[in-house]
Structure formats: C-alpha cells, structure tokens
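Paired with subunit B in one complex and with subunit C in the other, subunit A is shared by the two complexes that follow.
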Partner chain A sequence: MDHQPSPPPHHAARLRDLVATGVRANPVVTVNDPALLARLADPAADCSFEELGFDSLARMELCIWMQVEAGFEVTEGELLDHPSVGALATHLALRG
Partner chain B sequence: MDVVAELARCATTADRYRLQIEAENELSPAEIDALHARAAGLPDASRDWVDKLAAMCRRIRDPIQPFRRRALAPEVSFFEGSAPPGAPRALVVAFAGVAKRMMLPLGPFLQGLPADRCDVLVLRDPDRLAFLAGLPGYAADLPALAARIATDLPMARYSGAACIGASSGGAAALAFGPLIGAGVAVSLGGLHPRGMPLRHAATPIDRYVFDALRAGTPKAATRLVCAHGEDFLRDCVRSRLLAMTVPGSEVLVVRGVALHGVVAGLFQRNALARFLEEVLLDGTLPADGAWQP
Partner chain C sequence: MRPVPPDLPMMARVEAIARATPDRAAFIRADGPVGYAQVTREVRALAEQFLRAGIAPGDAVGITIADDWTHILCSLALIRLGCRQVGLPRRDPVPLREDLARRVGVVAIIADDAADALGGATLVRPDREAAAAAADAPGSLPPIGFGELVMATSGTTGRPKLMVAREPMLLDQAERIAGFGGIFLHRPSFDGNHSKRLSYRSLVTGGTEVLAQDLPPRDLAALVARHGVTRVHLAPRDLATLPDALGDAAWPAGTSIVTTGTRVPQTVRRDVQRRLGCALHVVYGTTEAGIVSIAGPHDHDDHPDSVGRILPGVAAEALDDAGRPLPEDADGLLRFRTPAQVDGYLDDPEADATYFRDGWFHPGDVGRRLPGDVLLVAGRADDRMTLGVIKIFPAEIEAVAEGFPGLVECAVFPLPSAAFGEIPVLAAVVREGFDAAALLAHCRARLGMRAPRRIVVVPALPRNAQGKVLRRELARVAGGP
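== the complex of A and B ==
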C-alpha cells in the first residue's frame, strides 16, 4: 500500500487559509451562506469547490488569483484533480 | 471542436470542467452562440454554463460579432473579422494572462471588439512564462513572433495594428507593439516580469529580455499604456512600477474598476466594448489619464 508523505501541519494549514482567502476573493462567485463561510474559516473543516458554487469560470479565477496574488501556480488540471479547499491545500503543500 | 458531442462523452465532473475551460479559452462569440442554440440537448450543468457564456456575450454587444476562428498553432488563434475586402481594418494582437485568457472567457472578450473593424490574433503561452521565451513551437522570442506573423497573416490588408495584454501578458504587449509598428499597446493590470511569480523553467529565463528588446528597438510612434483599475491597489502599484521601466509609457486609470486585469471590471460596468474601441482601436486616451466607464 502506498503512502503519500504528510506535509508539515503548519504549512498545510497556512496553505488552506490561503486557498480559502482566494475563494472569498473570487470575483465570479460570492459565498454568502453562513454555514459555508464558517466551514471556510474552520481549519478543521473542508469545502468542495462544487458546493461553493464554483463553475469553470470561478475555478479559472481562482487559478489566476493563486498565481498572481499568492505566487502559487495552480493549473486548471490541479484544481480539478483536487476539488476542495483542503485537498488543494494538501496538494500544494506536498508539491512544494 | 464539437462541444456538444464532447460534453456528452464526459464521464466525470472534472472532465466536464476541463472541456468547458478549454471551450472558454477557444470559442468565438459566434461559436458560443451556435452552441447556445443547441443547448437544449445538454445536461443541466452544461446548459447553465452555455447560458452564462452566451449571456455574457449579449451583454457586451448585440449582435454577435462574426469572428471566424482559425488555429495557426496550438496556442495561437486567429479570429478573422468581417470587414469587406478593401475596407480599413486593424490587426489586434492579444497576449493572454496566466490562465491563458484575457481575464474573461475568450468569446466575451472578442465580443468587445467590432468584427467589421479588426482581425484578432490571440496568443497563449503554454509554459506560463509571460512570453519571455516566446511561444514554444511557434516563435522563439518576440522578434521571431513579429516575423512569423508577417508570414502567416495577410499584413498588407491592415490599416493599423494594436496590442493588448492582460495581467502577465501586459509586459509582452508593451514590448511587442513597437516591433510591429502598432499605434497603441496596452497593458491591463500588467507587471514587470521581474515581479512575476513564474514557474521554474527548464532553461534559465531572462526576466529583463523585454527591457533589452525595447532598448534595441528603433523608436516607434506606438503609444504605450499601462492601464489599471482605480480601486485595485495591487494593479495600481504594479502598473505604475511597470510604467517606470518602460520609457515613454503612460499610466491610464480606469475609474470605478476594482478587479485585477481591468477587463472583468469593465465587463461588470458594461463598458468593455467602449473601452476597447476608444483606447485600442481609436487610440483615443483621456487627457487627464483617467478613463471613465
């Protein structure tokens, strides 16, 4: 059985916070649901981009935000293969 | 690309989004309109997506602009307008940003340009290196791109040229404009390549290559414009820093725009078409350096 190495917890948490910030800054989709906003803010919770209402337009905006504002290149493929805030953050932490 | 057939073959949500993103990066307004006419046969999620794209186009301008798409290379698309033979038409060269788009899906961006006044060449850097290494497989650098375009396009038909680049495509547009004698070159929320978070390249990338190119290019009459949204502070700082490194350039503030790259903000303000016609095609810039949507 293969095991992926775990990213350092503090690094993954920082990245999760960064991705959540990118979600909140998205110009295409505004997350208004208090329950979703609470989960976005909770480091222990996760939100899929689907339930956040992210269509393809919003996903591309997140890719742009991640590169231009946060300095992390995220291809559309990576975003689609890691389809939640937590999964993307973990992926970025492992990718380095 | 037959989007309807390909959507029907998508097995997963991720497949569907991949296809939609690809279509957003490639389809002309007329292709979106045709797809919309067939939307009844699409699954709900894709129908919503097509509805949204088509509505974006219609919101920018009516009627749909009849650009015809022709791929010159995988990341080089030529959109031929509808000007009759002999009528004046401009060549617009568009340098896409990091997500390979002009801060909007391509169709809505093109819809902002009048097809009877211009053809549009859209360039996407697949390596996401802001065109510092040219366009892989097409042109090794910007001078080679100018030469390649002169071969691939009917340059004699054009009465003028203009360049535009969004985000990480902005600096390339400013460097390329003088090479083809463009009347105006516009960076929308662009920044100097030194400050760009670029991926690690297989070979070293010279982030000052555009500066050297400008220094070695004979002075041209190209107006070099570093535009930014008034209320997006990062673009404001980046654009002004970029302007400091581009001799002879000018800063253009777009009032009331608070989004990166200007284009989406102009769309929100229902001002994209007017901006592109006034600034890009007419070269009419406000004397006070502030454009009002």
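== the complex of A and C ==
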C-alpha cells in the first residue's frame, strides 16, 4: 500500500505544468498529435512518456531540461520509476 | 641591400640596415618619419646612458615607460647591451610589479618618474633629449649583445608563468610576416610584448612601423591609406567588428590584415575577406613555442577548426593517451617543436614538467593533422566537457553560434550535473533582436547532442587582462538556474 502523504495540490499542479513544458521543449521528440497535446495541457489528464514516444535520449534531454531551466536534478532512473507526466510531477513534489 | 646573416645579434642586423640605407624610414610618427640611422644613433646614446647609470650587459632591467616611442628606444638600447628586460607597466598594480621584478631579479628600472621605483632596484631616467641630440658613434659601448625579453603567460588561475625569450623567439618568423607587408601598424591595444616583438621583427627586415594612437576604424582606414600601410595587425575582437564599424568606408586596397588567436571563427574570417576585399592571415601559436601555423587568404574555407598550414621547420604532432604520435586525421593532444621555442619557464619546474617534455612543448590543446600540413585545433583539453559519454569542446559550439543574428559574443561553460557530468551552457552577450530559442534550435540542428542546452544572457564575458575568457568565473556568475 502506498502511504505517501499527498503533496500540496498547488505545488503538484505547478510541477505538472513544468514537466509538460519540458516535454514540449524536448529537442529529440516533437509531440504533434493534437489529442496528446490536449492531454499535456489539461491539468486533470495524464500522459505516459512511452505514449509520448520518449526513448532514452528523450529522457536524458528532459532530465537536462529540468536541471537547466528549473534547477531540479532528475535522473533517468526517476523517470523510469515515475513514467508519466503526472507521476513525475507528484514524485518531484514529494521529493522536494 | 645584402641580406644580413640571421645569426648576428638583432641590433647588429638593424645597424647594418642603418649603414646601408640610413634614411630608410624605420618608424613613422605623427610628426614624420624616423630613419634607421637616427634610430640606431638614439639607441646607442641611450645604451651609453644606461651603462653610465650602472646597468651592465646581462643585467635584468625593468621598463616602466608609458610613452610608446620612448619605450621602444629604451627597449632596443637594452637589447643592444645584451640585457634581460621585463615590462613593468603602470596599469599593473604595484604588488604585481614588485613580484615580477623580484622573480626576474631586476637590478634597475628604466622610468620617467621616481614613484615607479621598486624595492632596491636602481631607478634610471632616460634622457631622450640628450639621446636625440647625441653625436654619432659614442666610443664607450661594449660589443653588441644578444638581448632577452621576459614574457608572461596569463593562465586563467594562479600566478603568471614567466619565460625568457631569446632573440630567435623575439624575431620568430620575421621574414614571413614581413612578406605580408613591409609597412605596418598595429592597434595599441596589443599587449606590450606582442607589440615589441612586432617592432623588432620589422626592424631586422628593413620594415617601417607606423606608430598610431588608438583610432576608430574609419580613422584607422584613413591613416592606413595616408601612409601606404600594407599590413595591419588587429586583435581578434577588433577584427570581428571591423567590417560593420567601417560602414561605407572602404578598406585600402592591398592592405592585408594579420591577427593572432587560438581560434578566430571561420564566419569572421570569411566575412572580413569578403567585405573588406583584403588578404587575411591568421597566426596560430603559443607564447612558449612561437608561431606554429598560419591560415592564409586561401585557407579560410577549409575546416572550421583549421588554424592553417604548419610552417616549414616546425614539428607538430597529435598524441594518443599513451603519448605516442598518431597518424594524420586522428585527434589527440598536440605537441610542437619550433626553432624559436623557449627552454622552459623561469621559476616553475612543476609547469616545466607538464608543458615541456622531451624537447617538445605540450600546450594542452587537442587537435589533429590533415594531409598537406593542415592543422586543426578543437580546443583546450582543460575546457573539454563530458556530457554522458560525449566529449564536447566549447570552441565547437562557439564556432556554430558566432555570427548568429543579434549575438555579439559568446562563451560556453559547463553546468555540473550529478547524473550526466557536464551540461554545456552558452553565455551570450546580445543586442536587440536576439532570439535565444532560435539560436538553441540553430545549434541543435548543427551539433545534435553536442548543442548547448541553455542560453544565459550576460552583460559581458569575464576575461583576464589578456582577453582570455574565464570560464570558471562565467560558471559562477551565469551558472544558476
């Protein structure tokens, strides 16, 4: 059972928005599908990195983007363990 | 004029030219030309003054003279005596000058002002008026000696490394440079030792130096035209801005430009030649080894990393990690051996062991040779960063970024990352209309994984006194998220 406390909702929403921005800025994978783009933009929806077409290089670029643009050091392992936009945002909110 | 044997002391060569062509202009000053005979006469008179003041051949002597013309004459007088000279310019703070004077063992300082005295060294004031009025051939001078010049390399950390340049280094490639134009001038922004060596090289080849104040580019072009200057030396940064700064003013036909630098961007080189219609020579070398290669007017469309063709008599090799020479086309740490190179640093055995080994100078640059004696330099091994498993040189990114609309200048520095090693970030000095996202995309399209991941706009790039970008300082001021 997952007994992790829930992050403050506004913080998690901000991080979800940040991760979605990082996905859209990814230099390796360009998301063109309108349905995926709509889900990326919808705070209530989620998108897995797999369906976004992320491979190892795209994951690395997202990690780099998170560090250089937002100051979050994220490892590729954390992306694999939290394999969607929403899951990563929640993880980062809890991790601090 | 008969060629003067190069194994004679420098001032013997200059005096031979003065005897053969006494009225030939050695310098052109604002108030007119100064012939070789007048220069050598004044130099002998100053040398005699220095002797009378107690300076002996072989002594180490500092010079703190702000006036260029007086400085040149005093410098030549010390060379004629066979002294070891070191520039102690007033722009350097007193503690730095004191340290330099102590390390070199300075026994006298040539200066106009008693306030420039340092430690126990004798202060010697040159009497220019007496020297200018002196009759020819004072009888009491010793035979012409071989002079030495103490040169410093900046390094980006720690104290300057000092070396003693003997006459072969002072006159390194003099004939080749004279071949780019016998009447020359340089922007005074060049550091003292570089300027002095340009003057020495001109004098032993019977050249003429036009002494100019720092002028805006349009006035520089007018001065060049007025005096028939055939060769202008510019620092790389002045070169890059010259075409725009000239506006609709023409660059005088037939006047070549020479610049010196580890890497002058290919875009700049092509731009200057195309817009100014002149021959551009880019000299590559190190203070320690002298000139290694020159990229001439027809070489600038070659590889972007090309520093031109290795000069005859110069050996250049790329080495593998075990220190074995690599074949052509393989990247490695470069080493050079030249007829002009210094023996080592003055008082730094640790640096000697790093940079001078087995008769070669190891500059710490990475590069390779191509067929036809072409040399490519990718950048400094110290600056090389590792992103994941990819090796990236700041220089390769800077070369792609330079010339982008709105970008004035840039430098790449590493942002440390626990997961990926070092992330390349581009610090940019920009003007209106600059689009950072467009430059990131431009770099990505050309460099792929080697592209910078972020652009940080900064008001200026931190540089040391020699103009070298301080990448660590840059990372400190611009490295935050």
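Here, the second predicted complex is superposed on the first by the 94 of 96 C-alpha atoms of A that agree within 3 Å, B and C clash if a C-alpha of one lies under 4 Å from a C-alpha of the other, contacts with A are read in each partner's own complex, and residues count from 1 in each chain.
We adopt the following convention: a contact is a pair of C-beta atoms (placed from the backbone, for glycine too) under 8 Å apart; a residue touches a chain by one contact, two chains touch by 3 or more.
If you're wondering where the values come from, they're calculated on a predicted model, not measured in any experiment.
Placing subunit B and subunit C on a common subunit A by superposition gives a clash between them.
Legend: residue contacts after superposition of the two complexes on their common chain; A:Pro43 is shown touching neither subunit B nor subunit C. Comparing subunit C and subunit B on the residues of subunit A they touch gives the larger count to B.
When the shared chain is aligned, subunit B and subunit C each come close enough to touch A:Pro27. Using the contact criterion defined above for the overlaid structures, shared-chain residue A:Asp81 touches subunit B, although it does not reach subunit C. When the two structures are aligned on the shared chain, A:Gly53 is found in touch with neither subunit B nor subunit C. Overlay on chain A, subunit C versus subunit B, candidates 62-70, 98-106 or 386-394: the clashing stretch is 386-394. Residues 27, 57, 60, 63-65, 67-69, 71, 73, 76 of subunit A are contacted both by subunit B in one complex and by subunit C in the other. Those residues of subunit A that touch subunit B in the complex are listed here as 27, 50, 55-57, 59-60, 63-65, 67-69, 71-73, 76-77, 80-81, 83.
Residue ranges on subunit C touching subunit A, taken from their complex, read 388, 415, 417-420, 423, 425, 440, 444, 449, 451, 453-454, 480-481.
The part of subunit B that touches subunit A in the complex is made up of residues 13-14, 17-18, 20-21, 24, 48-49, 52, 97-99, 101, 103, 105, 128, 167-168, 197, 199, 234, 259-261, 264.
Of all residues in subunit A, only 27, 57, 60-61, 63-65, 67-71, 73-76 touch subunit C in the complex they form.
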